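Here come two complexes built around chain A, the first alongside chain B, the second alongside chain C.
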Partner chain A sequence: MSANARALPPPAPWWLRWPGAAVVAAGAISYRVCEGDLAQLTSARARDAVAGFVGGFWPPAHSTEFLSSLVRPALETLGIAYAGMTLALFVAAPLSFLAASPRVFVTGGDQPTRLHMALHHGVRALLSFMRAIPELLWALLFVRAAGLGAMPGVLAVGIAYAGVVGKVFAEIYESVPRGPAVALATAGATPVRAFAFGVFPQAMPLMTSYTLYRLDCAVRASAVLGLVGAGGLGQQADVALRMFQYDETATIMLVLFGLVAALDGVSFLVRRRLERSRGLFPHGRVALRNRCLAVVGGTAAFGATLQALDAPLWEMLLPSSVTHVAEFAAGMLPPDLGELGKVGTALVETLAISVFGTLLAAALAMALAYPASRKLFLQELGDEAAKRFMVRWQLRRVVHSVARGVLNLGRTVPETLWALLLIFAVGLGPFAGALALALHTAGVLGRLYAEALEEVDLGPARAMMNTGVRPGLAVLAAVLPQAFTQLIAFTLYRWEVNVRASAVLGLVGGGGLGAQLHVALGLFQYPQAMTLILGLLVLVLAVEQLSARLRRALGSGGQGPRAAVAAW
Partner chain B sequence: MLRLSTLALALLMALPAHADVLRVSAIPDENPTELQRKYQPLAAYLAKATGMEVKFVPVTDYAATVEGLASGKLDLVWYGGFTYVQARRRTGNAIPLVQREEDARFHSRIIVSARSKAMSLADLKGATFAFGSVSSTSGHLMPRYFMTREGVVPERDFSKVSYSGAHDATAKWVETGVVDAGALNESVLQRLLDEKKVDASKIRVLWTSPEFFDYNWTVRGDLPKPLVEKIRAAFLALDYSNPEHKVLLDLQRTRKFIPTKPDNYAGIEEAARAAGLIKDP
Partner chain C sequence: MKWRELVDNRRPPKTFGSRKRRYQARACTGKANFARFNLFRDVDRCYGDGMAGRAPAAFHLSGVGRAFGERDALREVALRVEPGERVAIIGPSGAGKSTLLALLNTSLRPTAGAISILGQDPGALSPSRLRSLRSRIGTVYQQYLLVPQCTVLQNVVAGRLGRLSLWQAAAALVRPSETERVAEVLAGVGLATRIYDRVDRLSGGEQQRVAIARVLYQDPEVILADEPLSSLDPARAADVLSLLMRAGARRTLVVSTHQLGPVLPHFPRVVGLRNGRVVFDKAREAVTDADLAHTYGGSDGELATTGMTLRTGTQPTTLLETPTGTA
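On to the complex of A and B.
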């Protein structure tokens, strides 16, 4: 990051001369398109709804009967996440070798073969397709095509995540130092061997740590998949919310929060261990044996999980299942191009939801990131004067806890559930969707922003404070500018994610493409559904391109996979 | 290695296709917890009557039950009239077995907030409106069909049309003012009022539809004939004066099941075609 930030950015294209104006215009237009009405938030109905939530959420439901009824869904959610993630790895690992730029395999002056180039482009397109369709939509399709229960959930997480994991793995291979591979190739190693011993071991720690991070996401995702009938906690939460049983909703959210936090802790410990050991081929036979045992154990656990979930993945390979899926897919073709106007409107609305939601989230996250950072707010740049006055110091601690709490809450509650809540406050439609997106995204971005702010050089800020500048001002003037391009990169990555998310919000009454898709799927109008999916695909890919260009233009595109890892 | 994978493949092919399990499901027109409660005793009863293991498969997507029947993953499903028509069109041979006596003359109702000034369908112009699921008969198709016949075209006359997903959700949306009016099935509305899940002082019934055929129990067309007859007989044998059966029938909110046939649903198919909800290729 630092090397890039110091490099002189290239001159901005004309449409970025006034980035502030562009952002304001984008915000205003998207606000209009998604029928924004911030006054709604202070209306009597919103007050009633919020009073209802607050009164209803506390105390969370804690009867033994209800708690025990959550055990199975909670385990199911974990099981779907684990099985889905393992499936994603099985699919993504082989694809990632082809998705990586062929130059990674070629050392010296050779050109990659035509076949390799063709495969490379094909696989990249395939991965784009797999991740352009949100997992909730994959689940909806698999519920139709592949049956009921946990299986569609596992398949949906597996396919959608394979698309992301394959891409990120490929970017990791491309980003590791080339020295060892070149040295091996010069000494006569074949390209594949040079890759296996020169590139792969270096990529391994980051890949593992990304996989673990992704498992966290999978738990959240599989909790949501219940909304379309894939079991797990999401189904319970959906039911409880629709029935206004807020106390039960609160408990379910706490359980989900606990699961994610516990997993976070475990994966932190594993990652720390991995950082200490070295890559794929550790010193010593015992370590190697342990590693092999871990792989075998993980695979066995995968099988056992599928068994427990009653999701016989292998049955998908039976001829009858293959025929059924193929028939289902064929039934979606050719896409119905009769109502392109309606599709266009829905696409614009979806885009508007994603833009407004992301901008609002960025603003919220910006405001909360500083107080949420322990290092900046309490430790390194804590107000020395405040420390002497206990009351002010305690107040600072309270503000810190509240900011962290808000971000954690925003992040833990999936946007689809936020939308189910918000429709009672602001009514049905795209605005509820945009607000839901903003709340969840603010949680994600706030944490990323805080981490980015903590990584910069604090010297200038300390110097300013020594001359009597207040800490908040010092952060604004001396910390924020250093991390700014990084923050923008995170925001743009998140925007890419949010385009998919806003397409899904319609499924729960949040407007946009999802609403039409829901109707088309409900009426078995599969060719129409196909048109909508293709429209979504175009939109997602266009936004991905635009975001990449913006990042390049702002000189914040070159952080390599770490930024992508963090934001995806 | 090759031998090992051949063996694995052979094992795959030899997996049994769950021959002696009867898989039962229902469209998710109410919340899934309620559905589980409703169908568990019925599953036990059918297990005794057929001598098979009966498994209730909860589903939260209407259309998934249709695909489930078509792909042979479900054997017996509780359908609404419209989902039955879709299942019949999708499979060509699904057999409607029985229905509750009240399903032969079923109604939808449109409810509004008690404070609403609307007195007739025409007064709803410009209002926000909720149907249940898109695939619902009494929560979408029939109210849409009859409203259109009375000159109210939802997409033209309402300011916003949305789908709550289920009857009980529609009632809640109207009660809390998320929408101005909503259409739902009379029997779910009655239950919600009886159980005080919806406050009777906050809503008012604005309109009741003409009667139509609704829900039925449908089996897969390629089940063995004797089994189909056993299932039909089991339903018809339910007797309200038998205390054990009464529990089961009360959960289904009926007193008696009666036989039904495909012709009963020709009207629904016509309505769906007229409302543009099914299109012939």
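On to the complex of A and C.
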């Protein structure tokens, strides 16, 4: 008896005992703070805007002249993405080894050295700094420091993505089974050798597919960077929207859609090829030659891309450039602490945008994930009886396609572009930002949710359906509970991403910190801008900590690098 | 064929002294010594009569204990294993067998007592000396601990990382001469054709063989095997066991197991563990039913129900007979 009583865990804080209440409270507060007004969505103005879009978007502009004028920006977008991602890999790959917990390199009863621990913490802090500032903000800073063009775009993608990629790589190293490396170490291998032969080969498939996914993101991100003058398709979209050329905007979005889809295809092929890969080192001379050719070719393509983009990255290493950037950075110091109250308001608004956007997105994604899952909705748990009624079955297929289409659209259009569109419907301000964030995030989360739902054991749901329960209800009762912690983990990871994103939305009129930052940078008030950036840094790190705590409180089900890889 | 010549012309050192110097030289340079590499080592000539007494014990434990937090996994263990000996460690689950093996391969340090491995105290060695000591001890793990995404070749080559630099090991995957050497080892365990297959495409028994091949390629003086038969069916278990015996025939071999039937006939010396203590440490012929009953707990009647009894009536069981065919 007493042993049992002692084994009971201490009572959890209220927000864990009544998580629903906490979520509702957070939603309501953030809704108020970001000036939410869902009624606006049905207002005459919103209807006009949507009608204007729908009428204006169709047909998309397709004159040869306009299309040929898009070729260069499209290539530029691809180039910025590729060069930025390569730069990010060059920076992140070495840093990731230090960012990984030193325990990865240590076996048996040994302790990591002090130097290693110090380097580890330093690199971790550096990586969080690099990714705490969103790429659009990096681009804005580099445009100020280095001038218009593709160069700031490449640098922005490179730095911001290096921060994310380095962190995720480190988490992957930490997550793979350590047994093989320990076995090698007890056979006398040095830590580095045990890592190279015992850890790295296990991590590589996940690292590669994550890199490909990130390249995908980089294309979308670099399309947006044009909004602040960093080249690419975004500049065209901005101009077209501001001149109310909806048909041209539609074409630009379609081009972006096509680019991302093409890249998806390529990365699918690469991933399939990788499944047959056989480890870190090439086996045999032909494989060695191919591997060397791939590395040399990739690096050459990197150089050629930089050349074509007219972004001489190596000039950044010249003393004159270094002093120029250092002077620019010094101009931002010391931060202006005069208006901390204003900064605080902006931070609260940014936080509210991220919370409301994420919650709304989670609700949308939850509703769409089941119909969007082919396996659950049509195949494995499809209503067998319904197949005999053609109309009902076709209806089901239509619902599936629509759900998938909505999620794909939400995902492909970056939140910044959504914000530009929504501003016409609900006006400038944080609510437009929150809605934009929700639409994009719903697309991302919907896919992740669907994948998580498909991975659970379907046996209980089938058993339930055999007793006459409808498929939808069976999913709710027997599939959702199994995947629930995973879904919450995805949502929390996405929230971390969204805090950064919502800081950027202000740059295009979506309220929050970005709006003030835009003003400060426009007026060359660099110390004020620095204060805002530092505030953002604090907010991002605080949210990261909170999210990590919540995930830990969820237990083992909702953690792990798979969730991080999927959601980041 | 070059490798054939190497194998045929190998000249084992005549005395233990030269052998010792050889290992010291190896430890100092850390260089590969493939010319001396052989698959099933002919140690008889090294450990000739009268030599065992003068050579340091393979393992010497006195008063060794190992605690995990509050729990004592091992207590007051005293054990001396001479070079070339074959020892089976038996005992129920949780008796401390795996902990003992982890102490012997230096992946754990004792929390009490003194331990000496191949004449050296692992706790007192510098990291690089500890690594060179470790490269002389090969371990076959219960869970195999192979890298599933890598080829058999790469996993086997990795066994030698204690003596190969990263680049030598990477080169070994490309150079035909080295690949042939690995193929030779794999032929010894019956996997010659699977050298370029990914390990996760192999069956459990085949993975066990890869783990043994990795240890053979490491070419250690001592082989430790932790429950090598635990996840194999009886036929596979017999195969793997005879393979292990061949690999360990000319080396010091320590195996932990709770499958007494197939294993014990091959081991002249048996150590029983229970609750972290050594219950008995005897020649196989001297082990009695009472010893086993004591080790596995409960009475003889309980043993009989678990099928572990040694004798029926007065007849000696096959369990304790000397092996006739295999080995």
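Just so we're on the same page, the second predicted complex is superposed on the first by the 548 of 568 C-alpha atoms of A that agree within 3 Å, B and C clash if a C-alpha of one lies under 4 Å from a C-alpha of the other, contacts with A are read in each partner's own complex, and residues count from 1 in each chain.
Everything that follows uses one rule, which is that a contact is a pair of C-beta atoms (placed from the backbone, for glycine too) under 8 Å apart; a residue touches a chain by one contact, two chains touch by 3 or more.
Since the model is a prediction, treat every value here as computed from it, not as a measurement.
Aligning the shared chain A places chain B and chain C next to each other free of steric conflict. Look at A:143: by the touch rule set out above, it reaches chain B but stays clear of chain C. Of the two partner chains, neither chain B nor chain C is touched by A:345.
Within the superposed three-chain model, A:424 lies in touch with chain B and out of touch with chain C [touch as defined at top].
In the superposition on chain A, contact of A:318 is made with chain B only, not with chain C. In the superposition on chain A, A:208 makes contact with neither chain B nor chain C.
In the superposition on chain A, contact is made by A:192 with chain C only, not with chain B. Chain B and chain C never share a C-alpha pair closer than 18 Å once the two structures are laid over each other. Across the superposed pair, chain B and chain C touch chain A at no common residue.
Against chain A, in their complex, chain B makes its touches with residues 12-13, 15, 25, 28, 31-33, 57, 59-64, 66-68, 71-74, 86, 90, 128, 133-135, 160, 162-166, 168-169, 172, 176-179, 197, 277-279.
Contact residues on chain A toward chain C in their complex (touch as defined above): 107-110, 179-180, 182-190, 192-194, 196-198, 201-202, 204-205, 277-285, 287-288.
Considering their complex, residues 105-109, 127, 131-139, 141, 143, 145-151, 153-154, 157-159, 161-163, 165-166, 169-170, 173-174, 179, 196, 198, 215, 218, 220 of chain C touch chain A.
The touching residues of chain A, when paired with chain B in their complex, are 45, 49, 140, 143-145, 147-149, 226-229, 235, 238-239, 242-244, 312, 314-315, 317-318, 320, 324, 328, 423-424, 427-429, 509, 515, 518-519, 521-525.
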